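Chain lettering (A, B, C, D, E and F) follows the sequence in which the chains are written, and residue indices restart at 1 in each chain.
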């Protein structure tokens, strides 16, 4: 499955996203993604050492700063 | 809601933006955003450890250096 | 062989990918890649000092954050 | 005002630009900017801890490495 | 000679490439390069402090993460 | 003068270029530049603490990894 198709197939599911910048990890429900892999995530939490350290709610992530998307 | 639509829906509202570079956090009123997620923010303050450390007023942020946008 | 052709020739094969962000190394089967070098990898494991440290399963990697792709 | 319009409105004015790379801060007169936010700055000085540490004269800044533009 | 023409003129020759990420240096034969400076390198070795530390064989390098290309 | 025009006006002249990656500084004669600010530099030397530390000859620099171009 093509990378973008794979992402679209995850809409409505819980995903983990690794971002650039202090390499933090976010988990949330994928609300939408566009062709640049910009992502709208809801019920988002920041995760460190596999513990939830902060609740962020609804966030928009810039696609070019996404390292990796992982379905949970 | 698509990522860009989500951002447009926040025009006029207070948002938090995490930037690349020393990973600083900015808070301000979203004045405008374009399709690249370049952002014009007003009444901007820089935030560290959840404290306001510097008032920046009107700033333009380059979209590709935005990690995350969070409505407040 | 052109870079993108080279990548397409690796679909179905095991590859190693070096990513930006803490420069981690991923290994997995290349499921698909698009023109931006966005990659869908399956049976993915994270590798450090040539040891497998974490199993990630199916992941999508953002092309611009890929440093290097190496067939295994 | 849209981000690019905001930048255009600053041509001829003194601005502060925060760059990626050792996060240095530059101040100068905005001579021109294009649609990618590439910037031509004149009478440029590098600033650290709010002190001018180096005079650079005329410089061209690559848009994608600009974190933030701030009118002075 | 234009940057891309210069690169094309090096196909079949040995080059050194400095990459982002731990700023490592790769040396190899330039097999091909596209308009984005994505590069297919063969007989690739990783170099540190001017010593060859690892043999990588055939690799694809993402253009935007190339700092510098140097003919050897 | 627009940023790209400014760069074109420097062809044949000595320039200093600050790159991403260990923020090294290169000096050389600007042989050519394209619309992405990819640069072909000749008689290039690497500079640290204002001393020439290494002679590189002819190099191609990827535009998106250029922080700043400064005529000398």
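As a working rule, contacts are C-beta pairs under 8 Å (C-beta built on N, C-alpha and C of every residue); 3 or more make two chains touch, one makes a residue touch a chain.
As the structure is a computational prediction, the values presented were derived from the model and not from experiment.
With centres computed as the average of Cα coordinates, no chain lies farther from subunit E than B. Chain centres here are means of the Cα atoms, and by that rule the chain farthest away from subunit D is C. Once the centre of each chain is set as its mean CA position, subunit B and subunit D turn out to be 18 Å apart. Subunit B and subunit E have centres, each the mean of its CA atoms, that are 37 Å apart. Looking at subunit F, residues 19-20, 64 sit in touch with two or more other chains. Shown here, the protein chains touch around one cycle, each chain meeting exactly two partners.
Beginning the circuit at subunit D and passing next to subunit F, one meets the chains as D, F, E, C, A, B, using touch as defined. Those residues of subunit E that touch subunit F in the shared complex are 1-4, 6-7, 18-20, 23, 37, 63-64, 66-71.
Listing the residues of subunit E that touch subunit C in their complex gives 19-22, 26, 31-34, 38-40, 56-62, 64-65.
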